[in-house]
Amino acid sequence: MENCVFQLEFKVRDYECDLQGIVNNAVYQNYLEHARHEFLQTVGLNFKDLNDRGIKAVVARADLQYKFPLQSNDRFVVKLRCEQKGVRTMFYQNIYRLPDEKLCLKGIITSTTLVNGKLAICDEIVKAIQI
Amino acid sequence: MENCVFQLEFKVRDYECDLQGIVNNAVYQNYLEHARHEFLQTVGLNFKDLNDRGIKAVVARADLQYKFPLQSNDRFVVKLRCEQKGVRTMFYQNIYRLPDEKLCLKGIITSTTLVNGKLAICDEIVKAIQI
Amino acid sequence: MENCVFQLEFKVRDYECDLQGIVNNAVYQNYLEHARHEFLQTVGLNFKDLNDRGIKAVVARADLQYKFPLQSNDRFVVKLRCEQKGVRTMFYQNIYRLPDEKLCLKGIITSTTLVNGKLAICDEIVKAIQI
Amino acid sequence: MENCVFQLEFKVRDYECDLQGIVNNAVYQNYLEHARHEFLQTVGLNFKDLNDRGIKAVVARADLQYKFPLQSNDRFVVKLRCEQKGVRTMFYQNIYRLPDEKLCLKGIITSTTLVNGKLAICDEIVKAIQI
(Lines give C-alpha, C1' and ligand atoms only; values in the text may rest on other atoms or scores of the structure.)
Protein backbone atom coordinates (compact mmCIF):
# COMPACT_ATOMS: atom_id res chain seq x y z
CA MET A 1 0.00 0.00 0.00
CA GLU A 2 1.41 3.37 -1.02
CA ASN A 3 1.55 6.25 1.45
CA CYS A 4 0.77 3.94 4.35
CA VAL A 5 1.00 6.02 7.53
CA PHE A 6 0.28 3.31 10.08
CA GLN A 7 0.33 -0.44 10.39
CA LEU A 8 -0.62 -2.83 13.14
CA GLU A 9 0.05 -6.54 13.45
CA PHE A 10 -2.53 -9.03 14.71
CA LYS A 11 -2.91 -12.75 15.09
CA VAL A 12 -6.20 -14.49 14.34
CA ARG A 13 -7.91 -15.72 17.50
CA ASP A 14 -9.81 -18.99 17.16
CA TYR A 15 -13.09 -17.53 18.44
CA GLU A 16 -13.03 -15.17 15.45
CA CYS A 17 -13.40 -18.11 13.06
CA ASP A 18 -16.83 -19.41 12.16
CA LEU A 19 -18.14 -22.80 11.15
CA GLN A 20 -16.45 -22.48 7.74
CA GLY A 21 -13.16 -22.52 9.65
CA ILE A 22 -12.22 -19.02 8.45
CA VAL A 23 -12.43 -15.60 10.05
CA ASN A 24 -16.05 -14.43 9.97
CA ASN A 25 -16.67 -11.51 7.60
CA ALA A 26 -17.86 -9.16 10.33
CA VAL A 27 -14.65 -9.64 12.33
CA TYR A 28 -12.59 -7.84 9.68
CA GLN A 29 -14.46 -4.66 10.62
CA ASN A 30 -13.30 -5.23 14.21
CA TYR A 31 -9.72 -5.43 12.98
CA LEU A 32 -10.08 -2.27 10.89
CA GLU A 33 -11.71 -0.35 13.73
CA HIS A 34 -9.03 -1.33 16.21
CA ALA A 35 -6.31 -0.31 13.74
CA ARG A 36 -7.97 3.08 13.17
CA HIS A 37 -8.28 3.75 16.88
CA GLU A 38 -4.65 2.75 17.46
CA PHE A 39 -3.64 5.04 14.59
CA LEU A 40 -5.57 7.92 16.18
CA GLN A 41 -3.58 7.33 19.39
CA THR A 42 -0.34 7.80 17.49
CA VAL A 43 -1.48 11.25 16.37
CA GLY A 44 -2.64 12.23 19.83
CA LEU A 45 -6.35 11.41 19.59
CA ASN A 46 -8.23 9.00 21.79
CA PHE A 47 -11.54 7.67 20.50
CA LYS A 48 -13.19 7.30 23.89
CA ASP A 49 -11.96 10.69 25.02
CA LEU A 50 -13.32 12.34 21.85
CA ASN A 51 -16.62 10.57 22.44
CA ASP A 52 -16.78 11.71 26.08
CA ARG A 53 -16.26 15.30 24.87
CA GLY A 54 -19.25 15.09 22.50
CA ILE A 55 -17.20 14.46 19.35
CA LYS A 56 -18.67 11.33 17.77
CA ALA A 57 -16.55 9.89 14.99
CA VAL A 58 -18.91 7.61 13.07
CA VAL A 59 -18.61 5.36 10.06
CA ALA A 60 -20.77 6.53 7.16
CA ARG A 61 -19.75 3.79 4.76
CA ALA A 62 -17.67 0.65 4.75
CA ASP A 63 -16.68 -0.85 1.42
CA LEU A 64 -14.91 -4.14 1.99
CA GLN A 65 -13.49 -6.38 -0.71
CA TYR A 66 -12.70 -9.83 0.62
CA LYS A 67 -9.75 -11.17 -1.38
CA PHE A 68 -8.52 -14.15 0.60
CA PRO A 69 -9.72 -15.60 3.89
CA LEU A 70 -7.70 -15.47 7.08
CA GLN A 71 -7.82 -18.61 9.18
CA SER A 72 -6.79 -20.04 12.53
CA ASN A 73 -3.22 -19.24 13.48
CA ASP A 74 -2.66 -16.66 10.72
CA ARG A 75 -0.71 -13.55 11.52
CA PHE A 76 -1.57 -10.44 9.52
CA VAL A 77 -1.05 -6.72 9.31
CA VAL A 78 -3.56 -3.90 8.78
CA LYS A 79 -2.05 -1.03 6.77
CA LEU A 80 -3.71 2.36 6.69
CA ARG A 81 -3.62 5.66 4.88
CA CYS A 82 -6.19 8.42 5.08
CA GLU A 83 -7.30 11.64 3.45
CA GLN A 84 -9.81 14.36 4.22
CA LYS A 85 -12.57 15.10 1.66
CA GLY A 86 -14.86 17.84 2.92
CA VAL A 87 -16.66 16.55 5.99
CA ARG A 88 -15.52 13.02 5.28
CA THR A 89 -12.34 11.30 6.40
CA MET A 90 -11.46 8.41 4.11
CA PHE A 91 -9.49 5.53 5.62
CA TYR A 92 -7.95 3.16 3.11
CA GLN A 93 -7.18 0.00 5.00
CA ASN A 94 -5.75 -3.19 3.58
CA ILE A 95 -5.13 -6.45 5.38
CA TYR A 96 -2.15 -8.59 4.39
CA ARG A 97 -1.41 -12.05 5.73
CA LEU A 98 2.07 -12.49 7.20
CA PRO A 99 4.73 -13.34 6.41
CA ASP A 100 3.84 -13.67 2.69
CA GLU A 101 2.01 -10.29 2.47
CA LYS A 102 -0.88 -11.89 0.59
CA LEU A 103 -3.69 -9.35 0.22
CA CYS A 104 -6.72 -10.55 2.20
CA LEU A 105 -8.95 -7.48 2.33
CA LYS A 106 -9.17 -4.08 0.68
CA GLY A 107 -11.27 -1.69 2.72
CA ILE A 108 -12.41 1.88 2.32
CA ILE A 109 -13.97 3.31 5.45
CA THR A 110 -15.67 6.68 5.16
CA SER A 111 -16.08 8.39 8.48
CA THR A 112 -17.66 11.64 9.53
CA THR A 113 -17.91 13.54 12.76
CA LEU A 114 -20.94 14.57 14.73
CA VAL A 115 -20.15 17.40 17.12
CA ASN A 116 -22.93 17.77 19.68
CA GLY A 117 -25.18 15.81 17.37
CA LYS A 118 -24.52 17.81 14.18
CA LEU A 119 -22.45 16.81 11.16
CA ALA A 120 -19.33 18.95 11.35
CA ILE A 121 -15.69 19.06 10.40
CA CYS A 122 -13.71 18.50 13.57
CA ASP A 123 -10.56 20.61 13.20
CA GLU A 124 -8.89 18.69 15.98
CA ILE A 125 -9.16 15.47 13.98
CA VAL A 126 -8.42 17.00 10.59
CA LYS A 127 -5.19 18.59 11.83
CA ALA A 128 -4.07 15.51 13.71
CA ILE A 129 -4.35 13.14 10.77
CA GLN A 130 -2.61 15.48 8.26
CA ILE A 131 0.73 13.94 9.01
CA MET B 1 -36.47 -25.17 36.09
CA GLU B 2 -38.59 -24.55 39.17
CA ASN B 3 -39.87 -21.09 39.99
CA CYS B 4 -38.90 -19.81 36.56
CA VAL B 5 -40.14 -16.21 36.30
CA PHE B 6 -39.08 -15.45 32.75
CA GLN B 7 -38.13 -17.25 29.59
CA LEU B 8 -36.96 -16.11 26.20
CA GLU B 9 -36.62 -18.03 22.96
CA PHE B 10 -33.66 -17.66 20.61
CA LYS B 11 -32.31 -19.27 17.48
CA VAL B 12 -28.60 -19.90 17.01
CA ARG B 13 -27.08 -17.57 14.42
CA ASP B 14 -24.33 -19.09 12.29
CA TYR B 15 -21.80 -16.36 13.15
CA GLU B 16 -22.08 -17.49 16.78
CA CYS B 17 -20.57 -20.88 15.91
CA ASP B 18 -16.83 -21.33 15.91
CA LEU B 19 -14.49 -23.63 14.00
CA GLN B 20 -15.71 -26.63 16.01
CA GLY B 21 -19.11 -26.03 14.39
CA ILE B 22 -20.77 -25.36 17.75
CA VAL B 23 -21.76 -22.17 19.54
CA ASN B 24 -18.63 -20.61 21.05
CA ASN B 25 -18.52 -20.74 24.86
CA ALA B 26 -18.42 -16.98 25.27
CA VAL B 27 -21.63 -16.54 23.26
CA TYR B 28 -23.71 -18.26 25.95
CA GLN B 29 -22.94 -15.28 28.19
CA ASN B 30 -24.39 -13.05 25.46
CA TYR B 31 -27.57 -15.12 25.52
CA LEU B 32 -27.80 -14.98 29.31
CA GLU B 33 -27.18 -11.22 29.39
CA HIS B 34 -29.82 -10.53 26.77
CA ALA B 35 -32.33 -12.69 28.64
CA ARG B 36 -31.61 -10.86 31.91
CA HIS B 37 -32.04 -7.45 30.30
CA GLU B 38 -35.28 -8.54 28.65
CA PHE B 39 -36.48 -9.86 32.01
CA LEU B 40 -35.66 -6.52 33.63
CA GLN B 41 -37.84 -4.82 31.00
CA THR B 42 -40.80 -6.97 32.00
CA VAL B 43 -40.51 -5.69 35.59
CA GLY B 44 -40.18 -2.08 34.48
CA LEU B 45 -36.40 -1.70 34.52
CA ASN B 46 -34.24 -0.72 31.56
CA PHE B 47 -30.54 -1.57 31.75
CA LYS B 48 -29.36 1.41 29.68
CA ASP B 49 -31.63 3.80 31.53
CA LEU B 50 -30.35 2.54 34.91
CA ASN B 51 -26.80 2.98 33.62
CA ASP B 52 -27.51 6.52 32.41
CA ARG B 53 -28.81 7.36 35.89
CA GLY B 54 -25.57 6.17 37.54
CA ILE B 55 -26.90 2.77 38.62
CA LYS B 56 -24.42 0.23 37.28
CA ALA B 57 -25.63 -3.34 37.47
CA VAL B 58 -22.48 -5.45 37.12
CA VAL B 59 -21.72 -9.15 37.08
CA ALA B 60 -19.56 -10.20 40.03
CA ARG B 61 -19.42 -13.87 39.14
CA ALA B 62 -20.52 -16.16 36.34
CA ASP B 63 -20.57 -19.89 36.98
CA LEU B 64 -21.44 -21.71 33.79
CA GLN B 65 -21.78 -25.45 33.38
CA TYR B 66 -21.76 -26.48 29.74
CA LYS B 67 -23.90 -29.60 29.44
CA PHE B 68 -24.53 -29.99 25.73
CA PRO B 69 -23.45 -27.82 22.80
CA LEU B 70 -25.84 -25.78 20.73
CA GLN B 71 -25.18 -25.76 17.02
CA SER B 72 -26.24 -24.17 13.77
CA ASN B 73 -29.99 -23.97 13.32
CA ASP B 74 -30.85 -24.93 16.92
CA ARG B 75 -33.68 -23.16 18.64
CA PHE B 76 -33.44 -22.83 22.41
CA VAL B 77 -34.93 -21.12 25.43
CA VAL B 78 -33.25 -19.32 28.32
CA LYS B 79 -35.19 -19.78 31.57
CA LEU B 80 -34.54 -17.56 34.57
CA ARG B 81 -35.28 -17.22 38.23
CA CYS B 82 -33.62 -14.87 40.69
CA GLU B 83 -33.25 -14.12 44.35
CA GLN B 84 -31.72 -11.34 46.42
CA LYS B 85 -28.96 -12.20 48.91
CA GLY B 86 -27.74 -9.08 50.67
CA VAL B 87 -26.08 -6.84 48.07
CA ARG B 88 -26.09 -9.63 45.52
CA THR B 89 -28.78 -10.55 43.05
CA MET B 90 -28.49 -14.18 41.99
CA PHE B 91 -29.78 -15.10 38.53
CA TYR B 92 -30.22 -18.80 37.92
CA GLN B 93 -30.35 -19.21 34.17
CA ASN B 94 -30.61 -22.47 32.29
CA ILE B 95 -30.57 -22.96 28.55
CA TYR B 96 -32.65 -25.73 26.99
CA ARG B 97 -32.60 -26.75 23.35
CA LEU B 98 -35.97 -26.78 21.63
CA PRO B 99 -38.17 -28.61 21.03
CA ASP B 100 -36.70 -31.48 23.10
CA GLU B 101 -35.86 -29.32 26.17
CA LYS B 102 -32.42 -30.91 26.43
CA LEU B 103 -30.39 -29.05 29.07
CA CYS B 104 -27.47 -27.27 27.38
CA LEU B 105 -26.21 -24.89 30.07
CA LYS B 106 -26.70 -24.30 33.77
CA GLY B 107 -25.65 -20.81 34.76
CA ILE B 108 -25.52 -18.88 38.00
CA ILE B 109 -24.88 -15.20 37.52
CA THR B 110 -24.16 -13.13 40.61
CA SER B 111 -24.71 -9.46 40.04
CA THR B 112 -24.26 -6.43 42.24
CA THR B 113 -25.02 -2.78 41.86
CA LEU B 114 -22.71 0.20 41.96
CA VAL B 115 -24.59 3.40 42.68
CA ASN B 116 -22.43 6.40 41.86
CA GLY B 117 -19.39 4.14 41.99
CA LYS B 118 -20.12 2.49 45.37
CA LEU B 119 -21.39 -1.02 46.06
CA ALA B 120 -24.97 -0.57 47.22
CA ILE B 121 -28.32 -2.26 47.35
CA CYS B 122 -30.52 -0.60 44.74
CA ASP B 123 -34.04 -0.62 46.18
CA GLU B 124 -35.49 0.08 42.77
CA ILE B 125 -34.04 -3.17 41.44
CA VAL B 126 -34.70 -5.24 44.55
CA LYS B 127 -38.38 -4.28 44.62
CA ALA B 128 -38.85 -4.77 40.91
CA ILE B 129 -37.51 -8.32 40.81
CA GLN B 130 -39.46 -9.51 43.88
CA ILE B 131 -42.31 -10.69 41.75
CA MET C 1 -37.45 -1.75 -0.57
CA GLU C 2 -38.92 -2.90 -3.88
CA ASN C 3 -39.05 -6.57 -4.79
CA CYS C 4 -38.21 -7.59 -1.25
CA VAL C 5 -38.39 -11.39 -1.07
CA PHE C 6 -37.62 -11.88 2.59
CA GLN C 7 -37.64 -9.97 5.82
CA LEU C 8 -36.62 -10.80 9.36
CA GLU C 9 -37.26 -8.90 12.56
CA PHE C 10 -34.65 -8.45 15.29
CA LYS C 11 -34.23 -6.60 18.53
CA VAL C 12 -30.95 -4.96 19.47
CA ARG C 13 -29.18 -6.81 22.28
CA ASP C 14 -27.26 -4.62 24.71
CA TYR C 15 -23.97 -6.49 24.23
CA GLU C 16 -24.10 -5.41 20.57
CA CYS C 17 -23.74 -1.76 21.57
CA ASP C 18 -20.30 -0.25 22.04
CA LEU C 19 -18.99 2.56 24.20
CA GLN C 20 -20.75 5.13 21.98
CA GLY C 21 -24.01 3.56 23.17
CA ILE C 22 -24.97 2.51 19.64
CA VAL C 23 -24.77 -0.78 17.78
CA ASN C 24 -21.16 -1.37 16.74
CA ASN C 25 -20.60 -1.13 12.97
CA ALA C 26 -19.38 -4.71 12.65
CA VAL C 27 -22.55 -6.08 14.23
CA TYR C 28 -24.67 -4.98 11.27
CA GLN C 29 -22.82 -7.58 9.20
CA ASN C 30 -23.90 -10.18 11.76
CA TYR C 31 -27.52 -9.09 11.26
CA LEU C 32 -27.21 -9.22 7.47
CA GLU C 33 -25.54 -12.65 7.54
CA HIS C 34 -28.19 -14.11 9.81
CA ALA C 35 -30.95 -12.71 7.59
CA ARG C 36 -29.31 -14.20 4.47
CA HIS C 37 -28.97 -17.61 6.09
CA GLU C 38 -32.57 -17.53 7.28
CA PHE C 39 -33.65 -16.52 3.78
CA LEU C 40 -31.72 -19.48 2.34
CA GLN C 41 -33.65 -21.78 4.69
CA THR C 42 -36.94 -20.51 3.26
CA VAL C 43 -35.84 -21.60 -0.22
CA GLY C 44 -34.64 -24.99 0.98
CA LEU C 45 -30.93 -24.28 1.44
CA ASN C 46 -29.00 -24.66 4.66
CA PHE C 47 -25.70 -22.79 4.94
CA LYS C 48 -24.00 -25.34 7.20
CA ASP C 49 -25.23 -28.24 5.12
CA LEU C 50 -23.92 -26.61 1.91
CA ASN C 51 -20.61 -26.05 3.65
CA ASP C 52 -20.41 -29.66 4.82
CA ARG C 53 -20.97 -30.77 1.22
CA GLY C 54 -18.01 -28.68 -0.02
CA ILE C 55 -20.10 -25.78 -1.32
CA LYS C 56 -18.63 -22.67 0.28
CA ALA C 57 -20.78 -19.58 -0.13
CA VAL C 58 -18.42 -16.69 0.58
CA VAL C 59 -18.75 -12.92 0.66
CA ALA C 60 -16.63 -11.24 -2.02
CA ARG C 61 -17.66 -7.68 -1.17
CA ALA C 62 -19.71 -5.86 1.42
CA ASP C 63 -20.73 -2.29 0.72
CA LEU C 64 -22.49 -0.86 3.73
CA GLN C 65 -23.93 2.63 4.01
CA TYR C 66 -24.67 3.54 7.60
CA LYS C 67 -27.63 5.92 7.58
CA PHE C 68 -28.82 6.06 11.16
CA PRO C 69 -27.57 4.22 14.24
CA LEU C 70 -29.53 1.54 16.02
CA GLN C 71 -29.37 1.65 19.78
CA SER C 72 -30.33 -0.25 22.90
CA ASN C 73 -33.91 -1.50 22.87
CA ASP C 74 -34.53 -0.77 19.19
CA ARG C 75 -36.50 -3.25 17.14
CA PHE C 76 -35.67 -3.42 13.45
CA VAL C 77 -36.21 -5.42 10.29
CA VAL C 78 -33.74 -6.61 7.67
CA LYS C 79 -35.31 -6.65 4.19
CA LEU C 80 -33.67 -8.55 1.35
CA ARG C 81 -33.80 -9.00 -2.38
CA CYS C 82 -31.25 -10.73 -4.54
CA GLU C 83 -30.19 -11.26 -8.12
CA GLN C 84 -27.69 -13.46 -9.93
CA LYS C 85 -24.98 -11.79 -12.07
CA GLY C 86 -22.70 -14.41 -13.59
CA VAL C 87 -20.84 -16.14 -10.77
CA ARG C 88 -21.96 -13.51 -8.30
CA THR C 89 -25.11 -13.44 -6.20
CA MET C 90 -26.00 -9.90 -5.18
CA PHE C 91 -27.93 -9.46 -1.94
CA TYR C 92 -29.49 -6.06 -1.44
CA GLN C 93 -30.21 -5.78 2.25
CA ASN C 94 -31.63 -2.77 4.02
CA ILE C 95 -32.20 -2.34 7.72
CA TYR C 96 -35.17 -0.33 8.95
CA ARG C 97 -35.89 0.60 12.54
CA LEU C 98 -39.33 -0.37 13.80
CA PRO C 99 -41.99 0.74 14.07
CA ASP C 100 -41.16 3.96 12.18
CA GLU C 101 -39.35 2.19 9.27
CA LYS C 102 -36.49 4.70 9.43
CA LEU C 103 -33.69 3.54 7.12
CA CYS C 104 -30.63 2.63 9.20
CA LEU C 105 -28.41 0.76 6.75
CA LYS C 106 -28.23 0.13 3.03
CA GLY C 107 -26.12 -2.90 2.23
CA ILE C 108 -25.01 -4.65 -0.93
CA ILE C 109 -23.42 -8.01 -0.30
CA THR C 110 -21.75 -9.72 -3.22
CA SER C 111 -21.31 -13.41 -2.69
CA THR C 112 -19.75 -16.14 -4.75
CA THR C 113 -19.48 -19.87 -4.41
CA LEU C 114 -16.42 -22.06 -4.14
CA VAL C 115 -17.20 -25.65 -5.06
CA ASN C 116 -14.40 -27.92 -3.91
CA GLY C 117 -12.15 -24.87 -3.68
CA LYS C 118 -12.88 -23.45 -7.16
CA LEU C 119 -14.99 -20.44 -8.07
CA ALA C 120 -18.11 -21.86 -9.67
CA ILE C 121 -21.77 -21.19 -10.26
CA CYS C 122 -23.71 -23.46 -7.94
CA ASP C 123 -26.88 -24.41 -9.81
CA GLU C 124 -28.49 -25.57 -6.61
CA ILE C 125 -28.23 -22.06 -5.16
CA VAL C 126 -29.03 -20.20 -8.37
CA LYS C 127 -32.25 -22.17 -8.89
CA ALA C 128 -33.32 -21.92 -5.29
CA ILE C 129 -33.07 -18.14 -5.08
CA GLN C 130 -34.87 -17.50 -8.39
CA ILE C 131 -38.18 -17.27 -6.68
CA MET D 1 -0.32 -16.21 40.41
CA GLU D 2 1.88 -19.05 41.65
CA ASN D 3 3.16 -21.74 39.29
CA CYS D 4 2.11 -19.70 36.27
CA VAL D 5 3.32 -21.57 33.18
CA PHE D 6 2.20 -19.13 30.51
CA GLN D 7 1.22 -15.52 30.15
CA LEU D 8 -0.01 -13.45 27.24
CA GLU D 9 -0.39 -9.68 26.95
CA PHE D 10 -3.37 -8.01 25.31
CA LYS D 11 -4.75 -4.54 24.82
CA VAL D 12 -8.45 -3.82 25.11
CA ARG D 13 -10.03 -3.07 21.72
CA ASP D 14 -12.81 -0.49 21.76
CA TYR D 15 -15.35 -2.78 20.08
CA GLU D 16 -15.01 -5.08 23.10
CA CYS D 17 -16.49 -2.41 25.37
CA ASP D 18 -20.24 -2.17 25.80
CA LEU D 19 -22.59 0.69 26.58
CA GLN D 20 -21.33 0.81 30.17
CA GLY D 21 -17.96 1.80 28.69
CA ILE D 22 -16.24 -1.30 30.08
CA VAL D 23 -15.26 -4.60 28.52
CA ASN D 24 -18.37 -6.76 28.17
CA ASN D 25 -18.43 -9.77 30.50
CA ALA D 26 -18.55 -12.31 27.67
CA VAL D 27 -15.38 -10.91 26.11
CA TYR D 28 -13.25 -12.10 29.02
CA GLN D 29 -13.99 -15.66 27.92
CA ASN D 30 -12.61 -14.71 24.50
CA TYR D 31 -9.41 -13.53 26.18
CA LEU D 32 -9.13 -16.70 28.26
CA GLU D 33 -9.76 -18.95 25.26
CA HIS D 34 -7.17 -17.20 23.14
CA ALA D 35 -4.62 -17.44 25.96
CA ARG D 36 -5.31 -21.18 26.38
CA HIS D 37 -4.94 -21.84 22.66
CA GLU D 38 -1.69 -19.86 22.54
CA PHE D 39 -0.45 -21.79 25.56
CA LEU D 40 -1.26 -25.06 23.79
CA GLN D 41 0.87 -23.90 20.85
CA THR D 42 3.85 -23.46 23.16
CA VAL D 43 3.60 -27.11 24.19
CA GLY D 44 3.24 -28.32 20.62
CA LEU D 45 -0.55 -28.59 20.37
CA ASN D 46 -2.75 -26.77 17.90
CA PHE D 47 -6.45 -26.46 18.74
CA LYS D 48 -7.67 -26.50 15.14
CA ASP D 49 -5.40 -29.39 14.24
CA LEU D 50 -6.64 -31.41 17.24
CA ASN D 51 -10.19 -30.66 16.18
CA ASP D 52 -9.53 -31.71 12.60
CA ARG D 53 -8.19 -35.03 13.93
CA GLY D 54 -11.41 -35.70 15.89
CA ILE D 55 -10.04 -34.59 19.26
CA LYS D 56 -12.53 -32.03 20.58
CA ALA D 57 -11.29 -30.11 23.59
CA VAL D 58 -14.41 -28.62 25.14
CA VAL D 59 -15.16 -26.43 28.14
CA ALA D 60 -17.25 -28.25 30.74
CA ARG D 61 -17.38 -25.37 33.21
CA ALA D 62 -16.30 -21.76 33.42
CA ASP D 63 -16.23 -20.10 36.82
CA LEU D 64 -15.39 -16.44 36.42
CA GLN D 65 -15.03 -13.95 39.24
CA TYR D 66 -15.09 -10.38 37.96
CA LYS D 67 -12.93 -8.30 40.29
CA PHE D 68 -12.35 -5.05 38.44
CA PRO D 69 -13.48 -3.95 34.99
CA LEU D 70 -11.12 -3.44 32.08
CA GLN D 71 -11.84 -0.43 29.94
CA SER D 72 -10.84 1.29 26.72
CA ASN D 73 -7.10 1.57 26.25
CA ASP D 74 -6.19 -0.80 29.11
CA ARG D 75 -3.34 -3.21 28.64
CA PHE D 76 -3.54 -6.46 30.55
CA VAL D 77 -2.03 -9.90 30.91
CA VAL D 78 -3.66 -13.33 31.16
CA LYS D 79 -1.68 -15.68 33.41
CA LEU D 80 -2.30 -19.41 33.33
CA ARG D 81 -1.51 -22.58 35.20
CA CYS D 82 -3.14 -25.96 34.72
CA GLU D 83 -3.49 -29.37 36.25
CA GLN D 84 -5.01 -32.68 35.23
CA LYS D 85 -7.73 -34.22 37.41
CA GLY D 86 -8.96 -37.47 35.92
CA VAL D 87 -10.67 -36.69 32.62
CA ARG D 88 -10.67 -32.99 33.39
CA THR D 89 -8.00 -30.42 32.67
CA MET D 90 -8.27 -27.44 35.00
CA PHE D 91 -7.03 -24.10 33.72
CA TYR D 92 -6.56 -21.43 36.36
CA GLN D 93 -6.49 -18.16 34.50
CA ASN D 94 -6.23 -14.73 36.06
CA ILE D 95 -6.33 -11.40 34.28
CA TYR D 96 -4.24 -8.51 35.60
CA ARG D 97 -4.34 -4.95 34.31
CA LEU D 98 -0.98 -3.51 33.29
CA PRO D 99 1.22 -1.96 34.40
CA ASP D 100 -0.21 -1.97 37.94
CA GLU D 101 -1.00 -5.72 37.99
CA LYS D 102 -4.45 -5.04 39.48
CA LEU D 103 -6.45 -8.28 39.53
CA CYS D 104 -9.40 -7.97 37.15
CA LEU D 105 -10.64 -11.53 36.79
CA LYS D 106 -10.11 -14.89 38.47
CA GLY D 107 -11.16 -17.74 36.23
CA ILE D 108 -11.27 -21.50 36.54
CA ILE D 109 -11.94 -23.25 33.27
CA THR D 110 -12.63 -26.97 33.40
CA SER D 111 -12.12 -28.65 30.08
CA THR D 112 -12.55 -32.20 28.90
CA THR D 113 -11.83 -34.01 25.70
CA LEU D 114 -14.16 -35.83 23.37
CA VAL D 115 -12.30 -38.28 21.16
CA ASN D 116 -14.50 -39.38 18.27
CA GLY D 117 -17.50 -38.18 20.23
CA LYS D 118 -16.72 -39.96 23.52
CA LEU D 119 -15.42 -38.46 26.76
CA ALA D 120 -11.82 -39.64 27.02
CA ILE D 121 -8.46 -38.74 28.44
CA CYS D 122 -6.33 -37.57 25.54
CA ASP D 123 -2.77 -38.73 26.34
CA GLU D 124 -1.37 -36.34 23.76
CA ILE D 125 -2.82 -33.37 25.64
CA VAL D 126 -2.11 -34.70 29.14
CA LYS D 127 1.56 -35.29 28.35
CA ALA D 128 2.00 -31.99 26.57
CA ILE D 129 0.69 -29.85 29.41
CA GLN D 130 2.69 -31.65 32.14
CA ILE D 131 5.56 -29.25 31.80
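By letter and in written order, the chains are A, B, C and D; residue numbering begins at 1 in each of them.
The definition used in the following text is that a residue touches a chain if its C-beta (ideal position, glycine included) is under 8 Å from a C-beta of that chain, and two chains touch if they have at least 3 such contacts.
Just so you know, these numbers come straight off a predicted model, no measurement behind them.
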### Query
Can we say the copies chain C and chain D touch using the same residue numbers, with more than half in common, or are the two sides different?
same
### Summary
Between B-D and A-B, more C-beta pairs in contact link B-D
### Message
Averaging over Cα atoms per chain, report the distance between chain B and chain D in Å.
### Response
22
### Message
Distance between chain A and chain B based on Cα centroids, please, to the nearest Å.
### Response
33
## Note on the structure
Note: chain A residues in touch with at least two other chains are 14-15, 17, 19, 21, 24, 26, 30, 33, 48, 72
### Task
Note which residues of chain C are touching chain D in the complex, please.
14-15, 17-19, 21, 24, 26, 72
### Query
What does chain A use to touch chain D in their complex?
13-15, 17, 21, 30, 33-34, 37, 41, 46-48, 71-73
#### Entry: Of chain D, residues touching chain B in the complex
19-20, 24-27, 29-30, 33, 48, 51, 56, 58-66, 69
